[in-house]
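Have a look at the structure that comes next, please.
Per-chain residue numbering starts at 1, and chain names A, B, C, D and E are given in the order in which the chains are listed.
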Amino acid sequence: MDIATVVGLILAFVMMAGSLVVMGMMGHGTVNFAAFVDPPAIMMVLGGGFAVALVGYPLKNVLGLAKVTMKVFFTKPEALNHLIEQLVSLAETARRDGLLALESRAAEIEDPFLALGIQMAVDGTRPETIEEVMRTEISSMAARHKEGKKVIELVGRCGPAFGMIATLLGLVMMLGNLSDPDAIGPSMAVALIGTLYGALMANLVCIPFTEKLSLRSHEEQMAKEIILRGVLGIQAGDNPRTVQQKLNTYLPPKMRPGAQEAA
Amino acid sequence: MDIATVVGLILAFVMMAGSLVVMGMMGHGTVNFAAFVDPPAIMMVLGGGFAVALVGYPLKNVLGLAKVTMKVFFTKPEALNHLIEQLVSLAETARRDGLLALESRAAEIEDPFLALGIQMAVDGTRPETIEEVMRTEISSMAARHKEGKKVIELVGRCGPAFGMIATLLGLVMMLGNLSDPDAIGPSMAVALIGTLYGALMANLVCIPFTEKLSLRSHEEQMAKEIILRGVLGIQAGDNPRTVQQKLNTYLPPKMRPGAQEAA
Amino acid sequence: MDIATVVGLILAFVMMAGSLVVMGMMGHGTVNFAAFVDPPAIMMVLGGGFAVALVGYPLKNVLGLAKVTMKVFFTKPEALNHLIEQLVSLAETARRDGLLALESRAAEIEDPFLALGIQMAVDGTRPETIEEVMRTEISSMAARHKEGKKVIELVGRCGPAFGMIATLLGLVMMLGNLSDPDAIGPSMAVALIGTLYGALMANLVCIPFTEKLSLRSHEEQMAKEIILRGVLGIQAGDNPRTVQQKLNTYLPPKMRPGAQEAA
Amino acid sequence: MDIATVVGLILAFVMMAGSLVVMGMMGHGTVNFAAFVDPPAIMMVLGGGFAVALVGYPLKNVLGLAKVTMKVFFTKPEALNHLIEQLVSLAETARRDGLLALESRAAEIEDPFLALGIQMAVDGTRPETIEEVMRTEISSMAARHKEGKKVIELVGRCGPAFGMIATLLGLVMMLGNLSDPDAIGPSMAVALIGTLYGALMANLVCIPFTEKLSLRSHEEQMAKEIILRGVLGIQAGDNPRTVQQKLNTYLPPKMRPGAQEAA
Amino acid sequence: MDIATVVGLILAFVMMAGSLVVMGMMGHGTVNFAAFVDPPAIMMVLGGGFAVALVGYPLKNVLGLAKVTMKVFFTKPEALNHLIEQLVSLAETARRDGLLALESRAAEIEDPFLALGIQMAVDGTRPETIEEVMRTEISSMAARHKEGKKVIELVGRCGPAFGMIATLLGLVMMLGNLSDPDAIGPSMAVALIGTLYGALMANLVCIPFTEKLSLRSHEEQMAKEIILRGVLGIQAGDNPRTVQQKLNTYLPPKMRPGAQEAA
């Protein structure tokens, strides 16, 4: 679970509630949280964002949004150093007992991408074919990630407009009801909340989600790249030390055992 | 028919109507849908968008807009796996009975681009010439798609300004009529609707349409690229299995029979 | 004459007038077209746009604006198929009667760039020199077009600010005159018109003009590229059919005799 | 002196004054130019712009701003044709009397970059070294120009925010003083002027200055490139005609003696 | 300590205070600095900016923000000429007394990156390995810098929205409290301050900080590049003069002893 995403979202709402409470304490009126739950604006901003996604992307991409969003909450960055240790250990087995000995260790491999690579190596597939197959998987994964991100980007770009549309609908409604002066204040308040929701959807959710998805996608690609290099080294019968040295260059200096940091 | 486009557009309008109904139920005034049909603003936003397109692009590109827009509603993504099956089946015929046997199957080929390629192969055109001719078609198609998209992009970029212009016209009109206080509310409401229309034109229509056109154009190019590779393989007398393997790399892993997905 | 530019500009103004008339008919006040002719705002938006152009570009580029603007109104796209026919006909003459025979046809050549190329070919200039000279002309033409376009882009980018400045001047003036309540409405109206003019200058004129200039520049470069290839083919004594085939690849499939369209 | 910059700036202020005078004549109030000189807004916009520059760039870059700004007012584009004539004349001297004869003409060379090049040629420095030294100078000059431009760009990007901040300060001040209704108008007017100043700083000064600096930098680089090519040609003992022909390709066709223009 | 950053920030606040004092002197109300300290808006803008950072980046990047911010205040640009002098002096020692003699000078080397390079050279590591190791450090440092900068960029992009959200919260609160007319002014003032804070956070802090971080990162990379080139030259036993000449090309002409400036 990505604690930061959850903490960030909660923090924003805590801050909004806190602001209102402090404003109340400063004498700017009675705090009424319910006034900030505005069903028409929720319909307009969520519905409008969903509508934009449907107009801009095919149904299957939009339905995939839920899965993509999960990524922002639940992806735990892969521990690259553990991954490298596992690859080095596999390289030791292969070096000591031959490639076929890896078959006995297949059960302990959880990552399906690593399992695919080891299986191909055990099967005696040619290195070029292994590289081609695994690279195709990596780039099709990157393409899927990018598609998912683009839907959220589109919603973040057009979303604030739907907040403004909710506000405009409210204002037009209010202007047709001017004869009741007491209703102007609350109607105006309800109208403004649309703009608030639109701003939150874009700036708290869509834009930061896009950033986190980019980062996660980059991390996953790097993990898969490490696996690819490791599998090729194992198949070539490289010395486990050499495998480790090569793969370590993917890690930041601090995480590499025995390396000094330079800035 | 691209259901998502239609559903998205309808959803947005349902959400707007629903918002108004809920606002009415919450006591912010009587719902009057007719108040949101604002002929001067419609003239200004649609007319202005059309005017911008004419100033920015030649007449023929603007007239082509209708055809381009159809694409957003009616393009069914080509079933690439069926296309690959058809190419593999043609490769089998060619391998078994010779290239000339393909002529008898010409009738069942619906795609004019595939028909062109098979015809050239049957006619004994040299592979380089086939590739050059087909590639020219692909890139001129891509250029046509891009031109169509740019007109919509321009309208999406300048459109909100015409909504604002409608609002400004309404406000200026209202300000010249301040002596009648009862008219201020409705006049102001009518003015604001221009901004609403401009926001819808850009954010619900033009920007998402541009995204979908990009995607569709990309899919069509990929389909044509598959056909090109397939025709060249058929002409070269490649084994149908080899043809299938090569073409499968264009598909996402899930859609390829017998492949495992890795993320 | 580029009808679309003229029609687009007129259409926008017709739509504005129509909107006002319809608003009048809907009872939002008396239509007063004169109220939309606002000399101070005209001074501010046109003068400001001109001032920005002068600050940002040297005098000669700004004075060249008039010529550049003419392009948006009067450029007729060159009929590339006629150009190719002319080149093929010249190739036939050269093939039949020798390069020197082209001299007798010099009078019928209107395009100065084609005349230059043919003259050099007749003079026996070396192909590399012809290509270098003609390519220099093409790229210096492209650079001139780009410079002209950038002035209009700058005005389109900073122009709306001058509309806003006109509005601010009007508001400050109005706020100093609050003692006369009857003047507030008209003063406010006059102020808003500045914003309207700024929006029109950028969104109806500058931005779409930039797009059309890009397109026209691209077309001119392509025409000159066709001439260059044609002249080199003629000088090399290529078969007129070969010349035609090569040059046809610059045309969209529909415009090429005997080609099938594929999308 | 770059007349256009000065004329542009003056024109903008004349237009503002003229707009106010015309508004006065149209009956929208008495013109009071002093009302537009707003010391708090001047402090906020100029001070804020300067503050942003200091936060974003080291002290020496910000202090260099004055020198950079001078460029926008005082740079006279180098007369490239005179420069070429001078280089051709030097080439004639070198061809007739030998490279050492150039030493006697050193006094008449004003441009320090040309003087450096000729001196190195006279000293018998190897061509590769001359090219390396001169190219390093050109690129370090380009880097200096770019740094200066980026400071102005930053001020242009963040400047309008300080205009808005001035307006917000004024509004907050006014809202704390609502008990005196007569003061609202003038206080509001003073507040709005901050926005006006911010818009002017960005759109009349920073953005167009950036454009002109780019252009001037490009011109200076081209002049230095011509000098570099000329010096190398002189040292190689090229025919003065060849030197002229080569250097002429840097000029637009119109400025080259004996060339025809093609568009 | 980077004086400019501190001076810039202080200057902006001095200008704001000064503007208010001058407005007070001009009779637009009593200056009340306390009115500009608005706890709910501070919570909303700082808390919202922090929340956005957490949603968009992993916890460790956000916690690294403090360290990154220190850079903007405390980085003293490395004195590249001193660095070059030190490298030349090390080169002289190595040339005179052999590579091993450098070991005795290790104590005087403060820069850990230079120490690492010299140590590897003394240890007889192969040049390719030295270059690979040091380049990996440089690029991983650049990547770390870029990540830190992107967090600040995200806050600068989404921050103004949280200022607007603070304003909207305040307005909604005020509209629910319209019955007390005396409270409208102060409530409105408090609401506007949110927008002011958002504008300051983005335009005075985040955007200029990003620029300064880019510059500092560029300077550090250049210093490390100089060290890398120097170490390789020392190991190769280059003449100290040659080492100096090569490294001098990284300095602007003015800072190089004996060079002439050309623009």
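One rule holds in what follows: a contact is a pair of C-beta atoms (placed from the backbone, for glycine too) under 8 Å apart; a residue touches a chain by one contact, two chains touch by 3 or more.
The model shown is predicted, which means the values in this text are computed figures rather than measured ones.
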Chains contacting each of chain B and chain D, listed by label: C
Gap in Å, rounded to a whole number, between the CA centres of chain D and chain C: 27
Distance from chain C to chain A - Cα centre to Cα centre, in angstrom: 44
Set of chain A residues in contact with two or more other chains: 186
Chain ring listed from chain B, with chain C in second place: B, C, D, E, A
Sites on chain C touched by chain B in the complex: 2-5, 7-9, 11-12, 14-16, 18-20, 22-24, 26-32, 35-36, 72, 77, 184-186, 188-189, 192-193, 195-196, 199-200, 202-205, 207-209, 211-212, 215, 249, 252-253, 260-263
Chain C-touching residues of chain B, taken from the complex the two chains share: 39-41, 43-44, 47-48, 50-59, 62, 112-113, 116, 136-137, 140-141, 144, 150, 154, 157-158, 161-162, 164-166, 168-178, 183, 186-187, 190, 220, 224
